[in-house]
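Here it is: the structure, laid out below.
Labels run A, B, C and D following the written order; every chain starts at residue 1.
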């Protein structure tokens, strides 16, 4: 049978467990699975929706992000918007919150039409949003951050009443926080609390959470969900955006599935299970799934990269490596799963020597990496697809061809110090004409390209040199499904050619589809390693959130 | 020997406030601008505008109040150009600032020509009853003109404004992260515009204090680079109005101290002492980097390309 | 065959694009300058001076006479060099406001050599001074560079502050140990020996030092546009994070760019004292540093465009003297014109260009 | 597109608006440029010379011509050539500071205006704020380009750069204010204004109560040191106990620093000050506010300080320039280094302030007369410097030129020359 079906089985069985037998899972929390459906129905029946979207359409150059979205949110429900990366979830929410203007379509709050031009408007009509990267100012205190968003504050801020209000709400929903603390010194979880308190004090009725759990430790996730339930009971409407089915299933009353900017369906939680959601989410057209032929790891294959008990200091809000040991052989894809900010960023950085390690040693192709320059490492056959393409991968104001040869210009043209771009382009064309991904023209300014285009550019740049070791962060992020598939294929080809790949991704399906082995990172540690056969999205998910 | 040092100290103190105050005003102004996440090197120009047009207005109307008003307006007028070019046309802030300093010098030299000889009553010192009698410091601090006292009060007021008022909060938010301020319903451009204008006004007042209060005269280029010292002091003060007061006082003191040292024939080059404000600022930046970086508004880091 | 054709098309397309890129801003800038002149003309008119006559007189002198042109050249020399001193670091994303200070230190070091080394061959002395000058500038630029690399002190602030320090530092010497005994106590160093003087061309004040900036500009043009170094510099300036991850030795580029900026500014100082002043004095400062910085921004840090902007600035400055001699216009008034030119040109610039 | 247009329009309005305002103010300003009234006589009278004798005045020029070792050059021939009717003789004036600095440069500027008054067929080209470096060459050449036949370089610092170009322009007469050597077409002249700093010293020595005097200089140049010494000498001659504190601002015209200097001096008990600064108004008024006495320099500041003003030293360049130009036109001028003072009326004593009692006025005026008639020569040795080494030997009477090279402060003066 095709691995596709195999994968499906694994994933869906996982969710069976999640939904039906909520033992020893975070699904224990009150108000997750123990939702009385009639209760939900009652909420829905009772009144017209708190927030209603009709035919919302938003088009970006080259891609329709939202395509006639219709959506009803009722008071007192937790509504999950589910969809894979790039399905248009965030765009939709940004429209609701007034960051974008929809090309067409309208919104109504409690029946009456609402035109939202700016976040200010949306807050006035009671819509609040918690962003993936919070809208908080690190240099200011909690109280100040909140005061910044509170409507009708007096000209002279009265700190006492302010902290009064804050602690009041904090008490009510068990969000304990020190109003005078400098935000920069708070943990992610606490920052989220601040965001939440902010919304509550702003009298938001509709609370939008954009991937709130992605940067949270599991216990924090649990607390968040319990807070969700409290809020729901208070009659708030909660809009919860995620691509993690398991979370969706654990808290939702109703689930709306987005794919390619379209609403596939909106169903009550009670009527779906993991399996059906998975198929809805991934859709039907994923026919040519990448062939992940499970190669028997031949222990004789040379070890390409080896970490031995590596420690690094943590930077601001992401964990440092904590006694990490791993090794990749050639012809192997090692998947690294983990909620972002749990140390996987450092893996690549410390390898390139951008972030120096405090202990342990790293061996590349058998030699010790201390005091190797980045260029020397790259020269020795390493490629690197950074996590933030625009920020770390390309020079925005350069032309495409210039970015394609970034850093290794001396390999192109006649070599030496003089550049003849005509020559360089010719050579590039030669290399790229066999390359399956479509690339933008050589002379286009990179910052004029779409995200997907830039991603392809970088992937191409890093793969055409047939790396012996590829560090790939989220290689398919922002790519449409077809290209994503092509990219995965490329990775497999690379492995087939004997390349080793360190694949860091949040997309478990992708990891499962490609990796020979998967290690899970949590708070800088490698908490678990799965072989190809015994890996399951569900177990990985648990490990990622620090269980076991 | 002791008495000698006492003399020096008194001299330095009596000298300290005078030249410090105009710079202090300019520093307040620049501080507001930088808190809004911009850097305006045109402060020098605004000061000159204030000094010149403040003086002209006083000559024409024989009314110091109008003079001060005109001065601050003139300062604001010049910074208006900066505001427009930087915010609306996205010109480079440093280049625009420098140009503005030149432009101000030109305009004032040109406009003030016929007033160089003019004589004015100016702002005269008023002694504060009891405080003025404090032995050493009384005469230095509390026998000054009204603008000086205003400057004393303005420091704490600005500090309170920045930390305890809603507008102050908005201003800092804009300077820290404009997009978040926007999410908070503020219009960053508008706030920055306001901050620049206010900064220009304060610099203008500084200029007015220079020509009306301190010297009672106008000659072209009379600010002699004090606008740039103000920029240095803002950084020295790590964007706090209170520390700015200390900085300005030290700067003034340095001048007084230097003249005093000369007058006892002490073998220290005056030029070394003139370096004082700049070198100190550099030292502060070098040895308190961490604090400085934390105190520095994010927006300013953007401008200075420090987030790379 | 076909491939070559494609190449051809590609190139011609590129060429056209390049031309448009060049011409459009040029037109905009010229409109800006025009506007500035008009406004300034109005200003002159209001104060009962005849702008047409003044402009005519100005142009005929500045561009129509060897004297005028040579004077423009004399000013262009330091402007170009300090301009490059700002433009080179700008390539790697640094902002060097310190051309002024570096120029001073260059002049100081060159003077030191001229006064205290008794070389009597011009062929040895001038190079020695040039080296000293650039070393002086380099060292002065090294301070902010080190502060930036080790204490991450922002280079804009440090260079700005160091400008003022430099001037005072030089004064210590000119008023102190270096003061000439023959200057009746006036603060000048002794005059340079003949060997330490850049010979001037014909009867003009223009001296052979003018070759240096021309060479420098040409070099920069090729390095920036045609070599891997220039390309890597652009990469570093465009996105440090990307560059470092692609193995470009970012630190090396940053340090070298900053230091060479300093060196060039220092060279400017040496050329000034050796070619024009022929001794060091407290007021060799003509805001060369500031002017160069502004010219560089006006030129978008493009060495070739820099030729144009510095020419513009220096002709305005030269015209300024004439303006006050013949039209009895206050000397500082010329800064009004400079200001106007900047405001109009920068103001007319397309937002996208302004961004860079 | 439309928005861009709109923005441009706004921008123009902004700039134009800013300009219009400044222009309105400035045109108002230019209207009321102060201007001293001078007599229209072609030959200076005793009155023009403020009591100096016309005979000595013209004799000084004749002596100069006689003593000059230079033969007439083409320059003088040209200048002397009768002008074609309708054209004017162009004379260039180069000032180091602002023409209205109420100080050194304004004195020279007023002199140039006097020229215009005297000679109907003279046109003056002026350039101000020309730094004391090679820039002055360009300016001079531009003036020559504009047809100037005579160039007045009115600051010492110009001597070097100008002397580099004089040979290049043999058909132009260069006149330098303060240099100590002449060339074929390059003459020098300067006034013994220190004489009046001596009489200032008399007033100061009589009026001081604390016996602490102050001298605020800009740079430690000979003129300044000479004046300070003369001041101390004068004060000492009437009050042996006085000490003069010598302070430098390192800036010719930074009013703020001047005021600070006054304040610090007041702080340390000094009660009479004099100075060598440009733009002296601020300084004088500050002293007045500090209830100090002021002895002036360059400009008659009595209106600024009704109570504090004692007396002062004032330039009287007008007649000098007029005579120089006249001699040149006549063809009788020969380059030399000229010095003259009270006797020839090149400098004059300012009005007395109302707080100066009659006896003091009398002794000051007596001193002035005795200086004028040469009965006293203040710098007659022995004079020691601060270190106590004898700088002017017993009985020696240095010439004006020698005095102009003094680089030391005499004992009794506190302060440093470096």
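As a convention for this text, contacts are C-beta pairs under 8 Å (C-beta built on N, C-alpha and C of every residue); 3 or more make two chains touch, one makes a residue touch a chain.
Just so we're clear, the structure is a prediction, and the values are computed from it rather than from any experiment.
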Report summary line: The larger set of C-beta contacts, choosing between C-D and A-C, lies at C-D
Query raised in the report: Roughly how many whole angstrom separate the Cα centroids of chain A and chain C?
Result: 49
Report summary line: Note: chain D sits from chain B at a C-alpha centroid distance in Å of 34
Query raised in the report: Between chain A and chain D, what's the gap in Å when you average each chain's C-alpha atoms?
Result: 78
**Report entry** For chain B, residues contacting two or more additional chains
**Finding:** 81, 85, 89, 107, 109-110, 113, 220, 269, 271, 274
Query - Residues of chain A engaged with two or more neighbouring chains - result: none
Report summary line: chain D touches at least 2 other chains through residues 11, 15, 19, 23, 26, 30, 250, 418
Query raised in the report: What are all the chain pairs that meet the touch criterion?
Result: A-B, A-C, B-C, B-D, C-D
Query raised in the report: Across the complex, what residues on chain A touch chain C?
Result: 352, 354, 373-379, 384, 386, 388, 391-398, 402, 406-410, 416-419, 422, 425-426, 442-443
Report task. Please give the residue numbers of chain C that touch chain B in the complex, ascending. Result -> 93-95, 97, 147, 151-154, 156-158, 160-162, 164-165, 168-169, 171-172, 175-176, 239-241, 287, 290, 293-294, 297-298, 330-340, 342-343, 346-347, 349, 351, 354-355
Query raised in the report: Touching chain A in the complex: which residues of chain B?
Result: 164-167, 169-170, 172-173, 176-177, 179-185, 294, 297-298
Query raised in the report: Across the complex, what residues on chain B touch chain C?
Result: 39, 41, 81, 85, 89-92, 94-96, 98-100, 102-103, 105-110, 113, 220-221, 225, 228, 231-232, 235, 269, 271-272, 274-275, 278-279, 281-282, 285-287, 289, 293, 304-306, 308
Query - Interfacial residue positions of chain D with respect to chain C in the complex - result: 8, 11-12, 15-16, 19, 23, 26-27, 30, 92, 125-135, 137-139, 141-143, 145-146, 156-157, 160, 164, 168, 180, 219-222, 225, 250, 404-407, 417-418
